[in-house]
Amino acid sequence: MNGTDTGFVLISAALVMVMTPGLALFYGGMVRSKSVLNMLMMSFISLGIVSVLWVLYGHSLAFSGDSGGFIGNLDMIGLKGVDAASTVASFVTDENGEAHQIATFAFSLFQMLFAVITAALISGAIADRVKFGAWMIFIGLWVTVVYFPVAHWVWGGGWLASLDTPVIDFAGGTAVHINAGIAALAVVLVVGKRVGFKKDPMRPHNMPLVLLGTALLWFGWFGFNAGSELGVDGVTAQMAINTQVATGAAMLGWLIYERIRHGAFTTLGACSGAVAGLVAITPSGGNVNIFGALLIGVVAGAVCSWAVSLKYKLGYDDSLDVVGVHLVGGVLGTLMVGFLAIDGKGGGDQFLSQAIGAFSVMGYTFVVTYILAFAIQKTIGFRASEDDEISGIDQAAHAETAYDFSSAASSHISPAQSSPAADAKKVEA
Amino acid sequence: MNGTDTGFVLISAALVMVMTPGLALFYGGMVRSKSVLNMLMMSFISLGIVSVLWVLYGHSLAFSGDSGGFIGNLDMIGLKGVDAASTVASFVTDENGEAHQIATFAFSLFQMLFAVITAALISGAIADRVKFGAWMIFIGLWVTVVYFPVAHWVWGGGWLASLDTPVIDFAGGTAVHINAGIAALAVVLVVGKRVGFKKDPMRPHNMPLVLLGTALLWFGWFGFNAGSELGVDGVTAQMAINTQVATGAAMLGWLIYERIRHGAFTTLGACSGAVAGLVAITPSGGNVNIFGALLIGVVAGAVCSWAVSLKYKLGYDDSLDVVGVHLVGGVLGTLMVGFLAIDGKGGGDQFLSQAIGAFSVMGYTFVVTYILAFAIQKTIGFRASEDDEISGIDQAAHAETAYDFSSAASSHISPAQSSPAADAKKVEA
Amino acid sequence: MNGTDTGFVLISAALVMVMTPGLALFYGGMVRSKSVLNMLMMSFISLGIVSVLWVLYGHSLAFSGDSGGFIGNLDMIGLKGVDAASTVASFVTDENGEAHQIATFAFSLFQMLFAVITAALISGAIADRVKFGAWMIFIGLWVTVVYFPVAHWVWGGGWLASLDTPVIDFAGGTAVHINAGIAALAVVLVVGKRVGFKKDPMRPHNMPLVLLGTALLWFGWFGFNAGSELGVDGVTAQMAINTQVATGAAMLGWLIYERIRHGAFTTLGACSGAVAGLVAITPSGGNVNIFGALLIGVVAGAVCSWAVSLKYKLGYDDSLDVVGVHLVGGVLGTLMVGFLAIDGKGGGDQFLSQAIGAFSVMGYTFVVTYILAFAIQKTIGFRASEDDEISGIDQAAHAETAYDFSSAASSHISPAQSSPAADAKKVEA
Amino acid sequence: MKLITAVVKPHRLDEIKEALQAFGVHGLTVTEASGYGRQRGHTEVYRGAEYTVDLVPKIRIEVLAEDDDAEQLIDVIVKAARTGKIGDGKVWSLPVETAVRVRTGERGPDAL
Amino acid sequence: MKLITAVVKPHRLDEIKEALQAFGVHGLTVTEASGYGRQRGHTEVYRGAEYTVDLVPKIRIEVLAEDDDAEQLIDVIVKAARTGKIGDGKVWSLPVETAVRVRTGERGPDAL
Amino acid sequence: MKLITAVVKPHRLDEIKEALQAFGVHGLTVTEASGYGRQRGHTEVYRGAEYTVDLVPKIRIEVLAEDDDAEQLIDVIVKAARTGKIGDGKVWSLPVETAVRVRTGERGPDAL
């Protein structure tokens, strides 16, 4: 077992972990103050549900063996057979070209956290208006029928990894961002628009929180992207610097588009641009040079800045622009690397493979997610009641309010009935 | 000196460092807006006081030599004799079973930050109502007479480490969580209840801040737990994945209990559950398999969720549930590993050792902390005045207010007397 | 290529990256709520602009070759010639005294992020009152004519590195803190005082945000300081522990001064003290022992605590005390290590070199920055209009407001004209 | 002149503003408030304890109106604010002795 | 009808609510306010400068009452709000011309 | 007695406080408000959509005054609040039936 590489993956995993709460804050700051807790929880709960499902059977479905290129097998349920001494191959090789070995536990943890954040990403599209219980069930099922298979396709030895010209997806453009972005679209189409969409701007209630979330995402993304080499070599470093450069360029791309089009450099634009750059460089960053990274960044920033206004034209309420940023940015990065890939890889064949990767995931995920969301809507109900939505989903779904800055804070409340915690009262969730 | 292991411990130390401000924010979001700064400062000041005391004599008392199993000696005061070339043994071994060596400075920094956060943990129990100057004195004395000895018992070659069946405390269940939890109880009994306890819910003033604090704690805890191997090997990876899995399971455990008992999945519950899981896996995570981690997590989540309501029944005002989460979670994790430990360790003997560890620390710490807090209360006074508590301890103790969102912000204030900073005026602290 | 050292530098780079948003939040919490977004953006945009300029020509100017000791050459524009296999020397050496090699991409990323934060640091001095467009142009030009040359002097083989007794500047006391601090003074003298300076306290609108920013800075600073060894050895560990100890001591130094002088331990004081300690230990931490670190910390804390009140006496409106903390702290650390340096380095000669380093940077940077700011002011205008300043620069420069906690949030707004995003309207920026 | 004060549900503010504008009133002042009445609050849960929050967020609107418009204005507001559920709020009017436009110093009806 | 306005210390709100409820009044409207009077503010310290914050947080309570209850209600509020220290606040009453319950359109005493 | 209410620009609060103090009035109550009138709001941009925010932040000041002082007080406030730009706000006065100092129970002019 290589200590350096295992250690690097473990620290990268910690960084990827912090992306999910980072996403929670990024999304949470963007909604109105009456639904921020629900937004936070939709991401945060993924750390609970998906972590547990991952070790129960997710790892096995994604990475144990292969069933027809589509999915793994169940040989490793409960991480059966893995102990502290188990190892898997890193992409780092020694002088003889032999792969370094890292602890399987480290690899599994790292991959687990990818599943966690992918599920969480979807939530931004359906902010403020779904039942929390339904969301919990949704993500449990979604990772099972969508994420685990798709991760297998791309990284687990599935069919996309077995094309003649294998898809380049260094850190998850297809498996994570296109996947979450198209799933978001499908769910939006099922649950429908927020009350007041297009009429009411529903502007962010706490922009510093959005910036903080962006910062945690950006920080964690170094682990996400560079860690995907599963160890430390020059490619790891290349991925890291490309991540920074593309993100910076995308921030500028978004801001410039916005300044020309709408007259202001907005904070939300800077944050969104950064995220768009991070998304676009994710599949590509290990296979392009600095100019490739700059180009991917600035294009992703400007194009996503334009793409977020599509929802107004086409009329789907992708509340926090998961489609506009993650789907569009993911597709851009995935396709652009087809041409920009260095080491002689870029070209028509590669582009074709990239397109196959992007569109097969889009097709599969859209259909399966739509069916899943629809089934939930028709059975237990996905959409919250209009009353709860108007008065604030936080109170309805979580029996809490996010802030209390009043000087008479405490006085506004008095213990229920005789004693606190007296009777369990059902709150719709 | 092993570079990989030293580097891993240094990065782990940085992660552990961020836990203390993380704790500050976690606690700070939970109090009312009139006392948030005081809450932040009670944690934050520990980074000042305890860091300095650690290098002056803490390291020496905990890790230099041994005096009767109870405490170290003073040979290393001021880190005497340590320079950049000094090393100590890691738990990582090479093929020949020889321990890797890491820089002593890295080890000392890592351990210092454990002392820092342990002292800070106590503060949550006595939120909103103690004099800041008294708190500063308290933690200086407390680490000296409680933490440094107990750390010596567990990790410094003291009596708990020398039992026939040594206590398993991978990353600090006894030395950190049980220790801080029981100390919190002792201090609460001395300083008494907040004005309005049981009548006034004193709900959290800023839940996103609580979630942010939780995120930083969770993130940093990877350094805390995995870093406790003092290097990188398979056990490090095992500890890391168990940390994640137990935390996720505990979040679910807490939420499920809460949903059944009180009807809602609360954000505060998710955050508290995560912390309970982190606490419980701390002593045990290096010695259990995935199912052990899942079990410890879900049990810790559900039991702590129940335990936090004890304060209402028994009538002690453990304001932010340090007892309910850290003491109860720490005891659970410490005892459960007695049975669940892998590699043939689990069983009656081990359980006995675990119980000895847990209860000896509880006994020693409770008595000594009670005396210490009592002495402070009777001399300089520990409890703040009722007026200061009602009008807000931030203003009384720190001459500041936390927020000013008003549009006329600036107009509310005018320079004191003739010129700013004219005369020093005593503010009670 | 050494994997351990490259990995350590990459992770350190991620930590340094998070310092810039950390700084944004630290500064942002300190201004009034009507200008927090502008404050955040002034830091955040540096991640965009400076990252891009760095790879375009900054790296080359600072680290490629040498032109008369003053600046590098243009051989590496666009990081020409660098690929994943390229390496540069670390300060870590093997048993034979040969330097370890790390990936050039890792080194470049690490150095890039130093440039990013140095430019961002300046912004605190001119909070609330400059045009955002002008600021963007300013930092682009400033890093080009000031930072890249000065970085070359200190680290790129320039004249300061070539003195007989080379300047000790482990992690950037001169190149980063003195540089940014004196530049801040120059810009303040050009743009002038805020409306209401001295009369209106303009107290921090969100202290928890300030503490959070401090925490992220402190955390990231481990990467900044320890990472400057460009690998892992005992000196790295020494730098890390000194960073912690000096910061803790500085926090105490500031608080004690403040308590004596003004009667209260403030949260802002604790945060500012910590930053002062971090600044002061930056140049010195790899070359002093624990007592040196304690001394530098406590002195920096107390002296900077005094220095921040100078602006009231001397009448320059250094809004968030960049001069009082970064310039004063940077000079203190740089000079003190002249005497305190271990390994026989400390003494008169070293002190002289330190003074030469500090004052040459102060002289060069002050003059060039003043001219630059003056030119901007006279051409496109640097200072925002008084109306925009009074009603809030956020709205004027970014067309946003930071917070909306109102229960009727959404109702306050109605879509402009007929459809959203209808016409581009110029907002002054 | 009269001062008409309305304490209503926050999400009705837009309708009320539009209705007033249609009526020809072009100025108003809004404050955040909270209140209770027949409409009691809701239950919140913190750390295993349940509480009734009995103050519900409201918006408080003030409009200065000429004597002749007052009655009609009240009706306009009441209509726009109504959802028919409890908690819709109250509207009341007070007699004003004098009103001034700060910018110009105009008094009485001219100040509106 | 009268509109009784009380500007009082925030932590007295609970007592006042209870006292009013005991008296039989079941509705009120609360706004956050700040004020100064004999009670001056306190000193705050920021970055080596001391300032007097002279506005102290208060709670502003409004209760619509029938003419006959007004005097008694004022007494009830004054009693519940009193701590005997400076800064206890003021209570005043204004004549109301008309009051409407939005939900039903009821007017006058029926609107309460 | 009169209750004088002023809705003014937030950054004028200090001048108004000083002017009142110079006049001899030593108490007032302040609430955060927002309003619109001739002064319309500004444009904000979020994610490629532009919106008009038409409520502008204001400060609402209440001063209880003796009948004889009322007119002069209004003038003092108006003068201190004026910037001459639109949005300077309104001042109005209402008749007060009774006022009480909570601490002492004093009524009428003594309560001020």
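Per-chain residue numbering starts at 1, and chain names A, B, C, D, E and F are given in the order in which the chains are listed.
What we mean here is this: a contact is a pair of C-beta atoms (placed from the backbone, for glycine too) under 8 Å apart; a residue touches a chain by one contact, two chains touch by 3 or more.
Bear in mind the structure is a predicted one, so any value in this text is a computation, not a measurement.
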{"item": "Co-neighbours of chain F and chain C - touch as defined", "value": "A, B, D, E"}
{"item": "Same-residue or different-residue interface between chain A and chain B, half as cut-off", "value": "different"}
{"item": "Pair joined by more contacting C-beta pairs (B-E or B-F)", "value": "B-E"}
{"item": "Length of the line joining the C-alpha centres of chain B and chain D, rounded to whole Å", "value": "49"}
{"item": "Averaged-CA centre spacing for the pair chain F and chain E, given as whole angstrom", "value": "18"}
{"item": "Residues of chain F engaged with two or more neighbouring chains", "value": "11, 14, 17, 30-32, 34, 44-46, 48-51, 54-55, 58, 94-95"}
{"item": "Contacts with two or more other chains, residues of chain A listed in rising order", "value": "4, 7, 11, 200-201, 203-204, 206, 212, 216, 261-264, 266, 268, 309, 312, 399-401, 403, 405-407, 410-415, 420-421, 425, 427"}
{"item": "Chain contact graph, described as a line, ring, star, complete graph or other shape", "value": "complete"}
{"item": "Chain A contact footprint on chain B (complex, rising order)", "value": "2, 4-5, 7-8, 11, 15, 32-34, 92, 196, 198-208, 211-212, 214-216, 218-219, 222-223, 226, 231-238, 240-241, 244-245, 247-249, 251-252, 255, 259-268, 270-271, 273-274, 289-291, 294, 309, 312, 403, 405"}
{"item": "Chain B residues within the chain C interface of the complex", "value": "1, 3-4, 6-7, 10-11, 13-14, 17-18, 21-22, 24-25, 28-29, 36-37, 40-41, 44-45, 47-52, 55, 78-79, 83-86, 103-106, 108-109, 112-113, 132-133, 206, 209, 212, 216, 397-407, 409-411, 413-415, 419-421, 424-427, 429"}
{"item": "Complex contacts: residues of chain D adjacent to chain F", "value": "1, 3, 17, 26-32, 62, 64, 94-103, 105, 111"}
{"item": "Residue ranges of chain E in contact with chain C within the complex", "value": "44-51"}
{"item": "Touching residues on chain B, where the partner in the complex is chain E", "value": "200, 390, 395, 399-401, 412-417, 420-423, 425, 427"}
